[in-house]
């Protein structure tokens, strides 16, 4: 299992029965692989779908049925289609239980930066800002560090924010961390990962609760 | 499979004194008469009601108002309800009027997680009194804050068990707007079908907005054709 | 034919083929009687109908199909139903060609007052303000004077306005008048009505064009 | 009976230099490729385009942009179009980005005859720079003025001859919003049926919003499944 799959599998466990969730681009798109087929969850897509299922079986693609990332998808019984205004009404109006989002940087107070690197990467805003700011819970799925090994979890984001104080939980290939009023708290460790490694690769103090840390 | 169907007996727990309650309907079509009765029977009082109009005398939300259960009514027009106009004139209920489409937009904005809308409707009238006015591109605009409820009571023609709703003809009106604009959305439905039976392109209110679906056992007389409106 | 029917019949002649119109309460509601069955017009109702037809034949009323005044109505081929937000989007967004409205008072500059008599009559606002302010044309259908014979057409309205400078045409049992930048202009006279009577019953100067005034 | 069907050859007269053109679609679904070709062939330039994204390189509105016909693009995200991102970075086209749902609301507000909307989206980000900010009930709100076009180009699955439109699945997206928000609304339709054939409860865009319906003779390759998006 790749590190992305590990993160996605752990992220899937965040979903409570009956919740409405949105899966951002990147790692979140593979979360559905780790949801049991009969688990009651409703997946929303910004382009106007509620009740998305798995990616379409090859050869059965429907030219009118893609997700917000452009992939051909299937729908489940009870699905509905709607326009872009209603789609974001759902997001901003408080009916989205969890947004799973990728990150360039996350701060210890839950600020999220994931849409722009000035001068380098500026493809636009998309739906991410509304998802980050208005989902009832934001779960960030990300590698713990950048490709060149620098921490992505920082005291303060250096990149322009997507939304302030929006992240509730961070899931990486090393750990699950919660954003709390008293800072980041280690909740779980990945298999075969030690506390020390996580502390070293995190750019901010991380509270380690007493007792055994659960492993995922 | 998610199942939001709910029995009438369970509704009591959702109602409380002082709530803001949005109620669908424009005249008889789309008014959730049985949910209104449930609210009435719950005993909740000090309510703020939001509805296009107050139904007609002794019908629908007029019953809530006539029994003194509503502190305030946010509405558009009371032309067909002399009883409530009388109560308003005697100061027995506070009434806030909005242009019909602006009331719709305020509710929609509440449902859409907006802070409000900007409009020029009424800009040259007494309506602008006590409104916040700003300038946008050199043009005066009335600030109309978004409106949300604690509860919305919705009438649907068809629902599925997951909470998808379809309305019929002119019974749609404020229902799909209010179904987005409250913390708890309760829909009564004339017919409830299993999830998957409705065409996803025909659904008017997607399931995520709806918390409870209450099947209507039998349409009562109030839902019928009003003899005095037959020409 | 009653004076209301005369006004309604003349009002019907204002509609060009293909137009979208809204019929306010009072005299406007009887306009459809004077539209030829095959004349292409689309009647909108604020409660969410486009393509209304005549009142329902007695006994065939549909409990879910009323107009904004509460009367049971029929629909024509090509009709559609929608919510109250879209219904007023259509009105405010410039897609309504004519709103036919009643009046308590009209000013010579086209101000309209028809929704409130402070202390006497205050049932609310309804859709009238949006119709008056945003329809592409507002045609007022009204009696020329009040019940006690005072002019309804005034230099300035004394009652709170519905909308300012919104009325294009006034149709009464006596005359058709246009609101122009240089004031009110007499366009047509009702059968058997003389210019002098119209001038006397109008509370403001009325320009009478040279030549024969058409009769309706 | 009103008949808004229109031949492709007649479209030329509706296009002009400098127009603001709204174009439906989110990716391939709902993008009116043939209407975009008609606009391209008309020779109109100096256009301001409004679309969720710029399609992908060499497809849809990317063709208009790549041929230098658009002065400005109002959009949400260009992640799948490196060509247009390159042109933007070289200053060959002006691009204004909005959060996707706020772009939708601005267009909807234009269609609904509002002056604008008030939102807190982006209030703690660089987005608020150069925005008008007001306070509503003690809370900061970004003023987002309504957006309208001279022309909207819409793709419908089914239209009737009067101009009623029905969209299919995720091809709905921005189409019903843009269909309310321009002085002239042109819809291409995969199937055109006589007025009266569509269920009035299933119509997504009522006829009054639509000026012209152009029947699609045959769906071209661009409307099909994109091989590189098949997993």
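Chains here go by letter, A, B, C and D, matching the order in which they are written, and residues are numbered from 1 within each.
Here is the rule we use: a residue touches a chain if its C-beta (ideal position, glycine included) is under 8 Å from a C-beta of that chain, and two chains touch if they have at least 3 such contacts.
Just so it is clear, the structure is predicted and the values come from calculations on it, not from any experiment.
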item	value
Farthest-lying chain, centroid of Cα atoms versus that of chain B	A
Comparison of A-D and A-B (more C-beta pairs in contact)	A-D
Centre distance in Å when chain A and chain B are each reduced to the mean of their C-alpha atoms	35
Euclidean distance of C-alpha centroids - chain B vs chain C, Å	29
Rounded Å distance, chain B centre to chain D centre (Cα mean)	32
Set of chain A residues in contact with two or more other chains	81-82, 85, 88-89, 91-92, 134
Residues of chain D touching at least two other chains	105, 108, 112, 114, 120, 167-169, 172, 200-201
Touching chain combinations (by label order)	A-B, A-D, B-C, B-D, C-D
Contact set on chain D toward chain A in their complex	26-30, 52-53, 75-80, 85, 95, 97-102, 104-105, 108, 120-122, 124-127, 157, 167-177, 204, 223-226, 229-231
Footprint of chain B on chain A - complex, ascending	17-18, 20, 38, 40, 42, 44, 50-51, 75, 77-82, 85-86, 88-96, 134
Touch list for chain A against partner chain D, complex	45-49, 55, 58, 61-68, 70-72, 81-85, 87-89, 91-92, 122-127, 129-130, 133-134, 160-164
Chain B-facing residues of chain D, complex	105, 109, 112, 114-120, 132, 134, 136-137, 139, 141, 143, 145, 166-169, 172, 200-202
Chain B - residues contacting chain A, complex	1-2, 108, 110-114, 160-162, 164, 180-181, 183, 194-196, 198, 200-201, 203, 206-209
